[in-house]
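In the two complexes below, chain A is the common chain; its partner is chain B in one and chain C in the other.
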Partner chain A sequence: MSLDAAMPRATAPAILPGSGGVRGALSDIFWRRPQLLLLLMLLPPVLWLGIVYIGSLVALLLQSFFSIDEFSGLINRQFTLKTYGDLLQAANLDIILRTVTMAALVTLASAVIAFPIAYYAARYARGRWKALFYLGVMLPLWSSYLVKIYAWKLILAKEGILTWLLAKLHLLWLLDAWLSLPIVGGNSLSVSSTGTFIVFVYVWLPFMILPVQAALERVPGNLVEASSDLGASPGQTFRNVLFPLALPGIVAGSIFTFSLTLGDYIIPQIIGTSRLFIGQAVYSQQGTAGNIPLAAAFTVVPIVIMGFYLWGAKRMGAFDAL
Partner chain B sequence: MRSDRGPSAPIGLKLAATGGLLFLHLPILLIFVYAFTTEEKSFVWPPPGLTTQWFAVTWNRPDVWQALSLSVRVAAISTAIALVLGTLCAAAVSRTKFFGRETISLLVILPIALPGIITGIALRSAFALAEIPFSFWTVVLGHATFCVVVVYNNAVARFRRTSGSMIEASMDLGADGFQTFRHVVLPNIATALLAGGMLAFALSFDEVIVTTFTAGQQQTVPIWMLEELIRPRQRPVTNVVAMVVVLVTLLPILAAYYLTRDGDQIAGSGK
Partner chain C sequence: MTSAVSFQKVSRHFGSVRAVDAVDLDIVPGEFFAMLGPSGSGKTTCLRLIAGFEQPTAGSISIFGERAEGVPPYRRNVNTVFQDYALFPHLNVLDNVAYGLMVKGVGRPERQKAAEEALALVRLPDYGARRPGQLSGGQRQRVALARALVNQPKVLLLDEPLGALDLKLRENMQEELKSLQKALGITFVFVTHDQGEALSMADRVAVFNDGKIMQIGTPEDIYQRPKTRFVADFVGSSNVLPPDFVQRYAGQHRWGSLRPESIRISRANGEGVAARLVSTNYLGATTRLALDAEGLRLHAIVPAGAALPREGEAVVLTFNREHLHLMDELG
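What follows is the complex of A and B.
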């Protein structure tokens, strides 16, 4: 009797019959022609990105070869390099130069601040501390971009916490002296280039820490010990051992800090002077001025700069550190 | 001289690393204090008094609720689209080698590698050329485009760890392609997809640059905040909204971290 209960299981075929119907047929077709399955899998994402994204990008770049009729304000759809000529006006070159300088300074400062954090996390932090360091970088990275800018508006405001802190330390004269300088100064930190610089560094810093840490994780600890055993001072070890090995990571991080600074238009608009950056120029050209061709030509600048940058970075092996 | 029980850091390095982490975290903590300040007109520090009344005021603001509801709907639909497209792409790229595979990876990463303003203005001018009016769906279109990459990154990392022989074993045992997907592939990649989905949600919920170009009258939470940043109308409400936004974005990040921390690549390291 008890055998009966076990019987169905024992007699069940080891290989199930094909499920049949449309589903089975489809499954069989995919098995016989994996290329077809591959094509079907790739089609939706490639169509989406190809049409929506690449299509828009190409359309935008084409428009940079159109020009705007200065009297009617209408776009003249004829191939011309006139818009690129406009781009080379002194005022526009000024904007490009200002943005690139800011991007370079921000990249440099991020690298300097990021290095100790990344090095500590890679070499000394273990177990729970490692996780804490990781989250300590991830949480600011993913916190809302606008909230971070808002926090700095609170900090840098004339009546804000920084002024209060400096007053407590009797260092207000230092702030006033800095603000009275040309270019970097201004009425208060929240309307000065210094403020813009601080916020850029703050917002992009995690993008620098992660790749530098990844590069440093790969440096064996005994390499540093060997260097000091052979008589190198900590400074020499840093210059000759650590820094060259961390460089691909720094270059990888700089791709983000540089590219993000080049394209940002919100930070300089909220915290900064009235002098424009590339992003703001693009925004105002396409919006209030209605000059899409010039806006498109402006966007070509960061694309070209980043193209060269990526090419150089690739030659330095930075992509392995990503 | 040096003990073998693992090196301890020089004091200068400790200070610099701690200082760096404080620099990253103190500004965000400050938001939490300002949400309770009694001051209405300025950003004065220290706060003259503490109150919870602004939470009630914010709770009764219909514009805040509308922005929040729009943001959640946009993020949910964009995440759903990104999950489908990102997983398909990851499956294709990791399972087979084919001509143009590198190009596909580049294509997926490009929307996030190029500055947001380029994606934004490209989409805007394309909508203008195609005479598509701005709507809820134009916002979703933009968001889904750059959300694909986070799902893709997570899914690709997981596919790489999943052995192909399991799929073959399933087929050998008589499961058809659909059954294999349902019972073998999906359980294996589920947590990676969940993590990727949460990160995509957080990314979309926070996105402002592309949204300013693809939205007409629609106000998502970041657009609402941007308006307040440019022309402050009610600072205490902004403080409260900022605090809520911090909490809403942090929870998915923590969850995604715990879902994938045992893996070889942890979610979110490439935003």
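What follows is the complex of A and C.
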């Protein structure tokens, strides 16, 4: 009876009137045609990605098929493979090899360092510790990229804290021995490939930790128990259960670390040797040298490498557990 | 004879929570042992202590005479069927079943043959190539069972394995588990909160409450001769009678229990306990009656089709004195 008083059921219509106005009409139209709403929502980003992003990539790709006139320095807008011929010169191949090797090593090191951190965060960290984990991983991303790199330059310099610490520990001979090695060595860490590697790993590590942590978070804890119950030692459980199930996350993270290292031109310029990386080559070719076609051809290299990388990862079943 | 599993004063405390509190337990080799209790009563923690996922805070555990404290799960010849099966999603059914043999280093042809035999045993032949995601709940349950049995464990632990199945499937699996256990002769330890399941399948039942074992006995013991009010109440809705009531009919000042099917109902003119019918619940084969006897709520079960009084009517309850069971608890 009290219900009837609050809502006079007898007089209420079976179909309620619309809320009226343009908004009401729009709501009804979108409800009847959900595809229309989807189209309207997707149109701006598709236009942005399609025209501004993919379009400029295609333009870039086309540029790489032009060539430069070596006498006048003007771009000859006729399709030719001459620029790719230039790209395959020994000096340029050296740049590509150096960059790919560095990207592969940075990716591998990031994965090895990220896994235990991600595992701890996914399995053990709760409440305040989890918040601290996210803060710890994200905080470096909030500060300026250049500030971080210059900070590392000071840390790695001959007068820096790392050398000081090793001297206090009487381990300076170890650093000197490492720096005297070819390729990885140099006058100090801040002007060696080792220094470049350390800073790359530091800067890209969060991009590996977060996807691996997300993948591990989706692995139910009782799978680890089940594996142990069936007689698998912790090492066997890692190889047969945890690693395969975390692999999509590791591959996702490696796409970040690998492609970001392939394209970066600031870190190797500030920390490391004078030998060029792909990003620096692109920068100098399109800037001081004014050789846009060769810069474009250099840019195509990481795209092709990433294509092969993803294809290989898919072939190896990295995405099967998705 | 050594026990399959033996607990001596085993406790497992989580901070101030006493999940398992000074439990003594002896499981006979080859028996079907059920741990029955409400959620949070410590039965699952006991199972995890046997599996090795938990370590006791105090007391000692031995499995077939060998001390098990500090021994990791992967070194115990004990296997578990998990509540939600815990099948590996990235492996097919055959590789799931063969997993235990694989990590022990058994060659591929041998372990696949053993896995196929185990799948045939749980009546899932030809399912080896499928992924766990493609199976129904009942099929996953069987795969989990095959995955444990293929290792020929000394003790098989089952953690509410039938909880997620629907009634019909559950009844089938109960029969199958029982006959499988008889055929294999492996000690089964089965955790459940369903008293019907425990009574129908187990050789012996331990009733848990608050981290302690209230009573261990055959299903008949537990059902007919509960020792405490908790057991009488938890195992099959027995009527728990207060000491004053029992004093009047059995001459002893103790708590008593009376099974609902032991109560007979007649019209309100004979000798017996005066009561009033509160409500009737039709259950198919039987009808369950709620009665109010001198302020005490009692339940009776009568066969379907019997002539029933109307709700609210006064009735007289009679029962055979022998059916009134006296519990250990005094008033």
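The rule we apply is simple: the second predicted complex is superposed on the first by the 254 of 322 C-alpha atoms of A that agree within 3 Å, B and C clash if a C-alpha of one lies under 4 Å from a C-alpha of the other, contacts with A are read in each partner's own complex, and residues count from 1 in each chain.
The rule is simple: contacts are C-beta pairs under 8 Å (C-beta built on N, C-alpha and C of every residue); 3 or more make two chains touch, one makes a residue touch a chain.
This one's a predicted model, so the numbers in the text were calculated from it and none came from an experiment.
In the superposed model, A:74 makes contact with neither chain B nor chain C. Contact with chain B, but none with chain C, is seen for A:113 once the two complexes are overlaid on the shared chain.
Of the two partner chains, chain C is the only one that A:233 touches; chain B does not reach it. Contacts of A:244 after superposition: chain C is touched, whereas chain B is not reached. Note on chain A: of its two partners chain C and chain B, the one contacting more of its residues is B.
By the touch criterion defined above, A:225 reaches both chain B and chain C. Using the contact criterion defined above for the overlaid structures, shared-chain residue A:183 touches neither chain B nor chain C, since it reaches no partner. In the superposition on chain A, A:167 contacts neither chain B nor chain C. Once both structures are placed on chain A, chain A residues 225 are touched by chain B and, in the other complex, by chain C.
Note for the complex: chain B touches chain A at residues 2, 6-10, 13-14, 16-17, 20-21, 23-25, 27-28, 30-31, 34, 42-46, 81, 84-86, 88-89, 91-92, 95-96, 98, 104, 107-108, 110-111, 113-119, 121-126, 128-129, 141, 144-145, 148, 171, 173-179, 199, 202, 206, 208-209, 222, 225-226, 229-230, 238, 242, 245-246, 249-250, 253-254, 257, 261, 266, 268-271. Listing the residues of chain C that touch chain A in their complex gives 51-53, 72-74, 78-80, 82, 84, 86-90, 99-100, 102-104, 147-148, 151. By the touch criterion given at the top, residues 220, 222-223, 225-233, 236, 240-241, 244-245, 320-321 of chain A touch chain C in their complex. Within the complex formed with chain B, the residues of chain A that make contact are 15-16, 18-19, 23-24, 26-28, 30-31, 34, 37-38, 41-42, 44-46, 48-50, 52-57, 59-60, 63, 113-114, 116-117, 119-121, 123-124, 126, 131, 133-155, 157, 159-161, 164, 202, 205-207, 209-210, 221, 225, 234, 259-260, 262-266, 269-270, 279, 282-283, 286, 292, 295-296, 299, 302-303, 306, 322.
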